[in-house]
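Going in written order, the chains are labelled A, B, C, D and E, and every chain counts its residues from 1.
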Amino acid sequence: MVTILPAWMALAAALVPLLVAAGCALPATRDVARRMLVFAALPALAAAVLVPDGTSQIDWLFVGTLVDFDATGRAFLALSGVIWTAAALYAAAHPPQRPTWFSGWFALAMAGNLALCCVTDPASFYTFFAMMALPAYALVAHEGDRSAGRAYMAFTVVGEALLVCGFFVVGAAAFGIELGPVLGSVGIGLLLAAFGIKIGAFGLHGWMPVSYAAAPTAAAAALAGSMSKAGVLGLLRFLPGGEREGVAFGAVVMAFGVAAAFYGAIVGVMQTKPKVVLAYSSISQFGLITIALGAGLAEPVVWLLAVTAATVYAVHHGLAKAALFIGEDIAARTTRRWPAVVGLALPAVALAGAPLTSGAVAKLVLKEATGLAPGAWHGALETLLPVTAVGTTLLMARFLYLVATRKAPDAPGTRATAPGMLGAGSWMLLLAAVTATLWVWPSADARYAVEKSLTAHYLWLAVWPILLGCIAAVAVWAAGTMTRRFAGAIPPADMYAPVLRLADGAAERRDRSVRETPAPQAVPTPVAGRAGSALLDRAGVFEIGFLAWATAASAAGALTVLLLLLAARG
Amino acid sequence: MGKVTAKSPIAVRVAALAICAGVGALLARAVLAIPETEPGLAPLVDANLAVSGVKNAVTAVLLNFRGYDTLLEIAVLVLATIGVLSLSVTQTGTWDPIAAQADPVLSALARFLAPVMILVSGYLLWAGEHAPGGAFQAGSVLGAAGVLLALSGYARPIWVSRFALRAAISVGFVVFLATAIGEMLAGGLLLEYPADLAKTLMLVVETWLTVSIGAILISLFIASASPAEELRRRSGGGE
Amino acid sequence: MSQTDLYTLVGSALFVIGLYALMTRPHLLHKVLALNISSSGVFFVLVGIARRVGGPVPDPLPHAMVLTGIVVTVSSTAFALALAKRIYTETGTAALDAADVDVGESLGG
Amino acid sequence: MAEWIARQLPALVVLVPFTAAPLAYLLGTGFGRQIALISALLSQPLAILLAVTVVREGELRYEVGGWGGPLGIDLVVDGFTAVMVLVTTVVGLFVTVYALGYFGNRERYRFFWPLWLFLWGSLHALFLSGDIFNLYVCLELVSMSAVALVGLTLRREALVAAMRYMLAAILGSLFYLLGVALIYGAFGSVDMQTLREVVRSDTTGQAALALMTVGLVLKTALFPLHFWLPPAHSNAPSPVSAVLSALVVKGSFYILVRLWVDVAEPMAFPGVSTVLGVLGSTAIIWGSIQAFRQQRLKMLVAYSTVAQIGYLFLLFPLVTGGGQAAADAWMGGIFHAVSHALAKSAMFLAAGTVLARFGHDRIDGLGGLSRRAPVTAMAFGLAGVTMMGLPPSGGFVAKWQMIRASIESGEWWWAAVVVTGGLLAAAYVFRVVGPFFGREVDDLDDADLNAGPSPWTMESAALVLAIGALVLGIVGQPLLDLIMVSAPALVAGVTP
Amino acid sequence: MTWETTALVIAVTAPFVTAVLIFALGERRDAARSGVNLAGAALTVAAVVTAAGAAVAGAPDAYPTAGIALLDIGFGLRADLLGVLFAVIAGVLWLITTVYAIGYMSRASDRARFFGFFSVCVGSAIGIALSANLLTFFIFYETLTLATYPLVVHSGTPAALKGGRTYLTYALPAGGALAVGVVWLNLLTGPVEFAAGGSLDPALATTHPGSLVAIFALLMLGLGVKAALFPLHGWLPAAMVAPAPVSALLHAVAVVKAGVFGIARVVLEVYGPLGPELGVTQALAVVAGFTIIFGSVRALAQDDFKKRLAFSTVAQLSYITLGVALASPIAVAGGIAHLAHHAAMKITMFFTAGAVAEEVKAYRVSEFDGLGRRMPLTMAAFSLAAIGIVGVPPVAGFTSKWLLGIGSIDAGSGWVIAVLGISSVLNAAYFFPIIHRAWFRTPKPEWAHGPAAGRPEGDMRMIVPLVITAAIGLAMGVFAGMDLSPASWAQTIAGWEFPW
């Protein structure tokens, strides 16, 4: 480009979807706005390409906004742009019920998601994070699954609260306020927990499977592919990577990552709904990203590498996961499934890290980062990482199996429309992105990783876990009974299932009681309390005494005596 | 009048006795402590008697030195009269003959006594200048004459119009006030008698006060009296 | 005991007697008379004070006060009597009682 | 002319109503109204001029008869006097205006005018008098005219109430007179200026002071000697009630303050101020509780007076220590007398309007009054603000100073009493005012007595007085300054 | 008298004059009354803005002042930055509320009384804002107490009268405590003028620590009632019997803010550095923190819409108190900014309550299912305000919370962060269900297709004001960084307050 575009242009471009959202709210512009939805993310995509690195300070916006447009932000902006565009296309192809309503919320979340990629100060980031996360409720609950909506909202609200608290600490540090060791650690902990919820970290993932399953496909794709990645971006932006204060957290974070990676795989395999399997796969994959970040925290010098790894992995996973969600829906809409299943296999193997896919590159970068993990972690991760790939392979196998063997299209009316050109185009876009992105990644680090992934050593490293996984999958399939025994043993909400059930029950009871309780009648005002009025009556009796002439005159006489006595004394 | 219990309960009486005994004792202690030698204002009065316009010290105090007290005192009288009139049944001071058929003896006596009493009243008024006496004493005798006449069925209120009655009641106070204000207009202070006119002015004031006091006393008596109608009724209709 | 003491003591006694009667006698006429007795007591005290200078001429000031006091007392007595009489006419009784005063009924219900 | 007025001012203040009174009597009903109004209007500039003169020149002394004390009688005007005259004059004017509408031309009430003018004149005479015997005569004038006014309606309750009042008043006067006699016996003078110099701790003198105090307390209706006040004030015709509560009780209180704080201060003996303070506090609490219990509006207002009188007596314990606390208590006490006068007269006048228009004053029958008689309801409510002592009312400034004085003197419990009293006042005020905003009660039917709306003069007289009491809290500083002009030595120590 | 001083005097007196005119016009002349009322409000706003301009341009020693002698302190007005902020809020929202109230009260009775006392209330609030010292403040404070009463009991029902009694039961003793505190303080220190950075002699902390603590307690007791600090908050939910405009302007802005504004004046401009030194502000912060949680928990259980809002107000007011009590300019800025932010958001919500009650006769949250279809503008405005209260950016509530959070760290009171976090969750827990019901639940059949064809969703005199206030709430958050935004303003004020 000839002119240098200032950094704030990125933010402005990212906020274009707000116009669509506003348009959807106004009756006059509703229809036009809904059609514009598919173009809403394009300005942001363009900005990701055209706006060079740079910073802009926008003092008047919020409490002062800092746009620091850098490689990381650009990567996430591009990722989000692609995924939201694809999702919007798919939504246009297969509009959910009340499409204007859906589009409005969709555009709002989109704006938040895109904008948060551009800003680097905590207040603005939080603003756009909320603008993304809260409207997403409408998307999750769009098809009427109140339980999932409740779960999503509960986790989101708690996450937002934790986040704002964590950001207070970050913001205070930015003000130059001395934090002290305790508060600093608390701040890091809060950030980890808050973003942990968004990325479905182990123990904080309760909302993810139910929400992914409940949301309309376009929304699920956006959620899984882009919105949850905002959590990763947040961690990258605000964790004190490369500094001493984060070191203590490294081990914990890595441990959580490992736990999520395995937990997601094991529980995911037992699921019976493809979307839920994808959700657990996300949990597992985010576990891997978490491991990288943990390694970066633990060893300050590794942080930059960890950032690259997380970014690359996030892009890779986002695209793949979005493609899987849309593909799943397309498969469900067709009676001839095999083309869809084959198409789905591409992102599936990519996730497993097959050679020549983005997955291979991503895993390589990840390995590079974790390879520098301190102490025993280095060895442990060396062993564990390939095992997770086996798990991923199993999960993907399970997913493809479920998609392929699903009986008829789901409940009539919801996915009744057969996939058209638009929907297929959306999917193709994503598949293309999965295939190509890392190959055209405009950074030296990426190019180096790509080339390295093509070496024999790494090819083998990428291949064997997949092979092992396939064998395991076939074995399990062959065993048959085992699958049947474990499938569905764990509900989608896993450890949170009882809590969600309780909450659902409570909500239902409340609704019922409200329906059955008549409006409160005007409460009659109570007469003055008995005790009070009795005392007052007593006061009246005394007063009659005072008014009696004899008493009064005696009182006058007594007062005379008293004063005369005082006089006599004085 | 009325069937009211004559005495209070014993407890009240005992308490009252105790209190009164206390008051009495402490009062006695106080009065016994009055210094015997305090000259008071007597010397001051003596010193100023010459310029007061009268020779009687008490009259000088009443009409000149503390004439303001007297002015207010007349106001009290007028006020009480108005108050009594406001409470009387007819509220005008007119009355039916109190004794419907006047006793002939009383009537004759009254006829004889009234002029004498008026004469005495005049004397008292004049004597007040140098000896005990003055408007109040004179007015009282005048009032008594009026009461006597009323009781013996002579005077009927019709002899005075309502306005005249009101005028008689208030004339003393009004003249007193007018004198006082006149003194102010003449360049003095309130009730500051010019030395040369003091005696004359005081006599004028005293004269009208006598008239008023007489009228007031008569009015007080008459206004409080029950109409003859009611008297008859209350005496059991025996008459 | 000087003349002054005698007069003032008698005056004090009269004052207290009147006070006692005022407290204990319910009848309005009695009360008015009681006040008259008390006022006489006060006048006695004043006359006593007037006597103490010792000269042939008593202090004229207390005398003037007594005279003024008498007129005031006469006026108020006249008015009080008129009032008592009127009360008797209106109510048929001539006593005062707390029951005459409406001190408000109880609020509770 | 102006010079003459300036010279004769104290006398003129007294003479105007006193001249009007016999004329009003002499000329009868029709003229009585006009004479009263003329007298009321004439008094205004005189009272204002008096206050202005005092502020400019300090204490004024007018030697009646040209003799001067102790031989003659002096009229003395200091800040305290001027303030009391001023408030009497202002309240007097509005009561007169109100009464014009209230009594109309009715022959029955023709005695109101002379009696009221006598009362007015005697109040002025009382405030100006510099002689303790002369004060006795003034007290009697005040009492007798007040009693006569109470009985004016000749209603049974009114007559009985008047009788109670009369007996109490005479007894009080006698106590006072006995005290005057003893004072003369002890110190040989009844002139305040002279006494101020000669009084000393003396058996007779102090006994005299005790006796006078009892008499005046009785006349001021301080608890527990308030037995005569509620019936008298509530059964009197409303304009009279207003004057009685606003001004008449202040007359005897004025003398009490004169004696204890000013004239007889050198022989004041310990304990009495505490006794008066405690009785005052009890009055505040007890009067408020009784007011809250009442079923009739005028009874409630009357008991409110019993309570408010209590505040006046807090002056005594608070001034004893001298210094700034005494100055504050002095200002507070007197300012309370002033603002209470305005507010209480407004309350009684408003109650009178209600009574005249609806034929009853039962509190539970006043629901929705703010709709039927908004001006009257507003007047009552605004006057209530002063009763509660809330800003911006004059009652607030008074309580402010009292609280200040009590904290300054270290006797914080008086402050607690003041605050509690305000809250209790709120309880009884809102017991009345609350239902004003409520649903209308059928009882509110103008059909009864005087059918039709009240003359606007009546309603607005009450409102103006209430507003006066209200704004006194903001524009009251000149009045506070006036109160401090030539203040007694005990309280003049420091002025802010 | 300079132009600015005249404006200052007009700002305070105009509402009272308006009230007098309204009373004088009587019940029947509706058009004239509305005209007078709007003109008065507009004049007030103009005067307040003029005074504000002078305050913004001036430094603490060049603020416009006016006054007369009264007692030892004087009755004084002053247009300083803090004061004009509150005055501008009260004035502008009064103007908006007047429009709303004209619509709301169009079928009600006793309109003259209502609008008259309403004007008195606003005048008192502006007087409170522009008071130069504690005496003047107290005078207006109590005037406000009294003038609010007729509005609370306006409907005249037994329930309303009871609510009025409850209100007075809290407010009047508080006034007593305040009076004693103010008197005592004046005695201890001489006349106390408000002054940025505190006006007390620092030496007093060593000579009279006990008295200062006691005085502070008395003042807080007095101010805490209107500020609805636990346990003095009980009147606020009871006062919800008042008509909606009253709840909106008075119980969300003027009256309750008068309490917290007073706390700000006392803590910042009287005690200043002595507060933290004596430990009293720390105690105040703890009480405020507890009130935040307490109010939010109580709000959860309310089905009555206005009661839920009332408890929310209880909690939100303590944000301001908390901010003021933390010895940090950032926290103070947050507290003061919340004064404005909460005003705009809560008034929107109460406007909503009134509009909904008038239009569809829904009073309880459980009756709100699908209301968003029937009254979309109204509920959109409400939702915006609600998420603002929760603290969701970019609505203004977040801005104040942000400053508060950072300020609490600055003040070394990290525990406040937990309070803010928990409170956010609780706020969401009681507001989001309302939003959920309105937008995500199946509406009643008659609501499903929106307002009747060709007809607006309600009386536009009520809808437009609430949309405007919601927009203001949003704008104050989005443009928080602009020079004259409440947040920036508050930061400037806080800068003056902390010379120490």
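Assume a contact is a pair of C-beta atoms (placed from the backbone, for glycine too) under 8 Å apart; a residue touches a chain by one contact, two chains touch by 3 or more.
Keep in mind it's a predicted model, so treat the numbers as computed, not measured.
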{"item": "Co-neighbours of chain E and chain C - touch as defined", "value": "A, D"}
{"item": "Chain whose Cα centroid lies at the greatest distance from that of chain D", "value": "A"}
{"item": "Chain pair with the higher count of C-beta pairs in contact (A-D, D-E)", "value": "D-E"}
{"item": "Remotest chain, chain C as reference, centres from CA atoms", "value": "A"}
{"item": "Centre-most chain, if every chain is reduced to its averaged C-alpha atoms", "value": "E"}
{"item": "Centre-to-centre distance between chain D and chain B (centres being mean Cα positions), rounded to whole Å", "value": "30"}
{"item": "Inter-chain centre distance, chain B versus chain E - centres from mean C-alpha coordinates, in Å", "value": "71"}
{"item": "Centre-to-centre distance between chain D and chain C (centres being mean Cα positions), rounded to whole Å", "value": "25"}
{"item": "Rounded Å distance, chain A centre to chain C centre (Cα mean)", "value": "97"}
{"item": "Contacts with 2+ other chains: residues of chain C", "value": "8, 15, 19, 22-24, 26, 28, 45, 49, 52, 61-62, 68, 72, 75-76, 79, 83, 86, 96, 101, 103-107"}
{"item": "Residue list for chain E, restricted to those that touch at least two other chains", "value": "157-158, 161"}
{"item": "Sites on chain B at which at least two other chains make contact", "value": "8, 12, 16, 19-20, 23, 26-27, 29-31, 34, 38-41, 45, 66, 69, 73, 76, 79-80, 83, 87"}
{"item": "Pairs of chains satisfying the touch condition", "value": "A-B, A-C, A-D, A-E, B-C, B-D, C-D, D-E"}
{"item": "Residue ranges of chain E touching chain D (in the complex, touch as defined)", "value": "23, 68-72, 75, 109-110, 112-113, 135, 138-143, 145-146, 149-150, 153-154, 156-158, 160-161, 164-165, 168, 172-173, 175-177, 179-180, 183-184, 186-187"}
{"item": "Partner chain B, residues of chain A touching it in the complex", "value": "550, 553-554, 557-558, 560-561, 564-565, 567-568"}
{"item": "For the chain A and chain E complex, residues of the former touching the latter", "value": "25, 58-65, 123, 126-127, 130-131, 134, 138, 141, 149, 153, 157-158, 160-162, 164-165, 167-169, 171-172, 175, 177, 179, 182-183, 186, 514-515, 519-520, 522-525"}
{"item": "Of all residues in chain C, those that touch chain B in their complex", "value": "2, 4-5, 8-9, 11-13, 15-17, 19-20, 23-29, 45, 48-50, 52-53, 55, 57-64, 67-68, 71-72, 75-76, 78-79, 81-83, 85-86, 88-89, 92-95"}
{"item": "List of chain A residues in touch with chain C within their complex", "value": "527-528, 530, 533-534, 536-537, 540, 543-545, 547-550, 553-554, 557"}
